[in-house]
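Each of the two complexes below includes subunit A, the first together with subunit B, the second together with subunit C.
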Partner chain A sequence: MKTLEQTTEEILGLAALHFKVPREQLSAGDDFYRKLKIDSLQALDLLTRLEHHFGIELPDYEVQGVTDFRTLATRIQARL
Partner chain B sequence: MLDLTQYDSLGAALAATLEKWPDEVCLIESDRDRDRSRLTYRDFSEAALPFAAVLQEAGLAAGDHAAIIMTNQPKWLISAYAIFGSGGVLVPLDYKLTPSEHLALLDHSQARFLIVEYPLWRAIVQAADFQPQRQTIVFVTEAPPGADLAGACRWEEVRAKDDPEFRSRKRSDPACIVYSSGTGGRPKGCVLTHGNYLEQCRAIVSIFPFSPGVRYLSILPTNHAIDFMAGFIVPFVGGATVVHLRSLRPEFVRDAFVRYKITYVTLVPLVLKNLEKGLGEKFAQLPPMKRRIFDALVAVNRVMTKGYPTVEFSRWLLPQVHKAFGGELRAIFVGGAFTEPSTLQFFYDLGIPVANGYGLTEAGTVITLNDFSPFRADTVGKPLPGTEVRIVNPGPDGIGEVAARGPTIMSHYLDDPELTAETIVDGWLMTGDLGRLDRQGHLRLFGRKKNMIVTAEGKNIYPEDIENVFEGLPVTEFCVFAANYLWPVHTMVGEQLVIVVRPEPGQTIDETLRADMTARNQRLRPYKRISGYLVWEDDFPRTASLKIKRVDLAGQMREKLRPAAVLPL
Partner chain C sequence: MTHHQGKTLSWEIKDGALELALHHPPANEIGTAMLAELEMFVRALAKAESNCSAVIIHSRQPAGFSAGADLRELYTQARPLTPAKRTAGVRKFLKRIHSVLNALDASPLTTIAAVHGVVFGGGFELALACDLIVADKMARFCFPELRLGLVPGFGGIPRLKRDVGNAVVRDLLFTGRSINAAKALAVGLVSQTAGEGEALRVARATAAQISKFDRDTSAAAKRFLKPIPREELRHEIDIFCVLFARPAVMESLRKFVEDKGAHPYLP
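Up next, the complex of A and B:
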């Protein structure tokens, strides 16, 4: 079982890789819309990649209103 | 197709459609790559009537307000029909609002009933301003076993003793209260009548007929005026099928076109642009020879469809493109915000006509629509049958404020006669948008007269609605504007909001203050955020009741500052 810290770290790594942002520029409390410079559709794309990575299904409503990596990690952690 | 002149209310028209096509599939709900449910019109009726009985036994009387907060799914439409059949007034609220915004609009609309899906209800109950003793009767869908519903009823378990009675309404009676803005400021609850909707529907199907076998993909939220009309009322009165997706991830949307062989869909410009980008990337990967052949075929299609779309020909000429959209797509509707002509032309050249339109919630959805005779990428189409459009106070270039009149214009704003009087003048809806009519009667838009923006996702953002997050900012005073309002430009894309701050005497805008503004900005939903700030040293002009005179302030700033004065946040 992963810890929340591990889950958060993996999310940050995946986001950095996918959106070509240096990993060291991202931190858990960051607003991913702002930091990754993405729109709502790209955010949905990120979710799909996270689902594949973690092997889970994340209903859209679970991430409704979520804008920072830490909260996103919490929602994913609850489904691992 | 029902003859809508024969009906006085949405409830009556929908009841007739349920009887007319009992065995046709009316709703398909898809969850990712699998069907979740399929309902015929008979199934729909069998689900809706018991719920109507429940509402009536719970005390819903004719004219009572009942709100729905749900993502797109069959229970949304089933609940709406139960409300209409019971004589209620539907208040469709945007499920993407925050819990506090939901509570504010529930209060403003005086909704006595609420139908809400569990995750959204859970968030509302957890909001700091939720009051457990609320008088609203709440029905919660899909709550997990054992969940604390805070006094609400479980939708799936409620039963009534008797059959419901059908309550007829007049055309002039309110059908819906739809909020076009006002979650943080002055609520704008558009009261739309049964007549408004029936006439709007009649006008739309005169251009785009719906019938059994037509499948409409419902992606925009059903609470949005466009999807309420194009993804509910229009398909239902034609006996067509509506497809709902539980997940709106781009890959599931793409799959849905193919799996359900979609006939029509409505998209916002952001999604359409995303589709264009994806297709463009695929075309760019074609080997040079194939690319040349493909470009030649597109050119042939452009010539052959110049006068009017011939979708069958385009499907034959460009089969791979059309197969990717399911092979039966007749048109894409686009609305909610301005779409760039190049995007419209891109799809039209591929043989996928995009019906570009223009409308406001206050006009019952659509004012103008491109009817493809011929296709025009540079305009938002012609007024719908029955609707008149005129340009008020046109300048030498013919550009002025767009005004609309007709049977689809809302009755009034809920509890705001002053705003109603400002907005509907001698029967004309003053849209606040700037436009020009050409000789063919097509409307072209050139920006806004009003202080607001519309995002590419189709969201209307009024500065007053987001100012509350900046309350307490350590400056003398502040005010939010649409940048295009301060410095009008003839464009409706890339609109942005800016905050004007007046520092305390001697105060400089340092990193601490910028960080404070940024942190507050991030509390807003991403599409509502401001993009920059302006520093203004003079007193803000105010009324006797100390409200900021926004028009005057904007005028003063326009004289003294240029857009380059906006600093990024």
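Up next, the complex of A and C:
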């Protein structure tokens, strides 16, 4: 079972890699819409990549209103 | 017409398959312009029956296959009208799009939707009218209409019911959530998944295999396997129009259209 810290770290690594942002510029409390400069369609792309990476289903209503990586990690953690 | 280069879509015959490419930015929203060209495509489809085996529908837009109905156009056109005229206008549009999708659904050719990215609302309904869906692993499927106080209007519920079980139909409709390609494959909505950017290639390989078989036999099998739920489709238009007449729907459309935030595609 992954810890919340491990899950958060994997999300940050995946987001940095896919959206081409240096990993060191991302932290758990960041607003990922602003930091990654993404819109809602790209957020869905991120959601799909996270579902593939963690092997989970994450209904989009569960991430409604979620804008920071840490909260996103808690939602994913609950599905692992 | 064996090829057409249009404003919102184009088609050509390639290796025995009629390939329809959607290219209406930003995300192939289906409004009056695309509908008019889809009607032209349906006429070309009838003429292609003698020299093609398959139809492939795909998108050239990076955002995906289609984000569905053009809600901005719908709102802009409906806003100045009386409620009765709004409903009459939307009914006319729905009858036209149903005619297109029914023709595609009934075509004796085997039809394949090669989808990626967003496959939402009317875009999902276009894919459901096809015989097979080949999905890029990054595709997402969604019926967001209930968020607006509506039901899908392009034949979505009857065709979804035809293809998958009640648990999936109700989950998609009542929650408005999106599902990824792996889930869509698991529930039987999608025939094959492909790697990123590979759905069209996989669809072409599938079309090539289909072309090896006798067309009349394939058409007979299709009529047997895939009856068109015409009565339910007509009923869906009626339900949509009743819901559309409510002031709350115009208010939901206004909020969607005026939303400048980054979240309009999330519930």
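By definition in this document, the second predicted complex is superposed on the first by the 80 of 80 C-alpha atoms of A that agree within 3 Å, B and C clash if a C-alpha of one lies under 4 Å from a C-alpha of the other, contacts with A are read in each partner's own complex, and residues count from 1 in each chain.
Keep in mind that, in the parts below, a residue touches a chain if its C-beta (ideal position, glycine included) is under 8 Å from a C-beta of that chain, and two chains touch if they have at least 3 such contacts.
Source: prediction; values computed, not measured.
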item	value
Partner chain in contact with A:52 - subunit B first, subunit C second, else both or neither	second
Contacts of A:63 with subunit B and subunit C, given as first, second, both or neither	second
Touching partner for A:31 - first (subunit B), second (subunit C), both, neither	first
Which superposed partner A:5 touches (first subunit B, second subunit C, both, neither)	neither
Which superposed partner A:40 touches (first subunit B, second subunit C, both, neither)	both
Shared contact residues on subunit A - subunit B and subunit C	33, 39-41, 44-45, 47-48, 57, 59-61, 64
Of subunit A, residues touching subunit C in the complex	33, 38-41, 43-45, 47-49, 51-52, 57, 59-61, 63-64
Subunit A-facing residues of subunit B, complex	32, 71, 95-96, 98, 117, 119-120, 123, 246-251, 270-271, 274, 456-457, 522, 525-527
Subunit A-touching residues of subunit C, taken from the complex the two chains share	27, 63-64, 117-118, 137-138, 140, 175-180, 182-183, 262-267
Sites on subunit A touched by subunit B in the complex	31, 33-34, 39-41, 44-45, 47-48, 57, 59-62, 64-65, 67
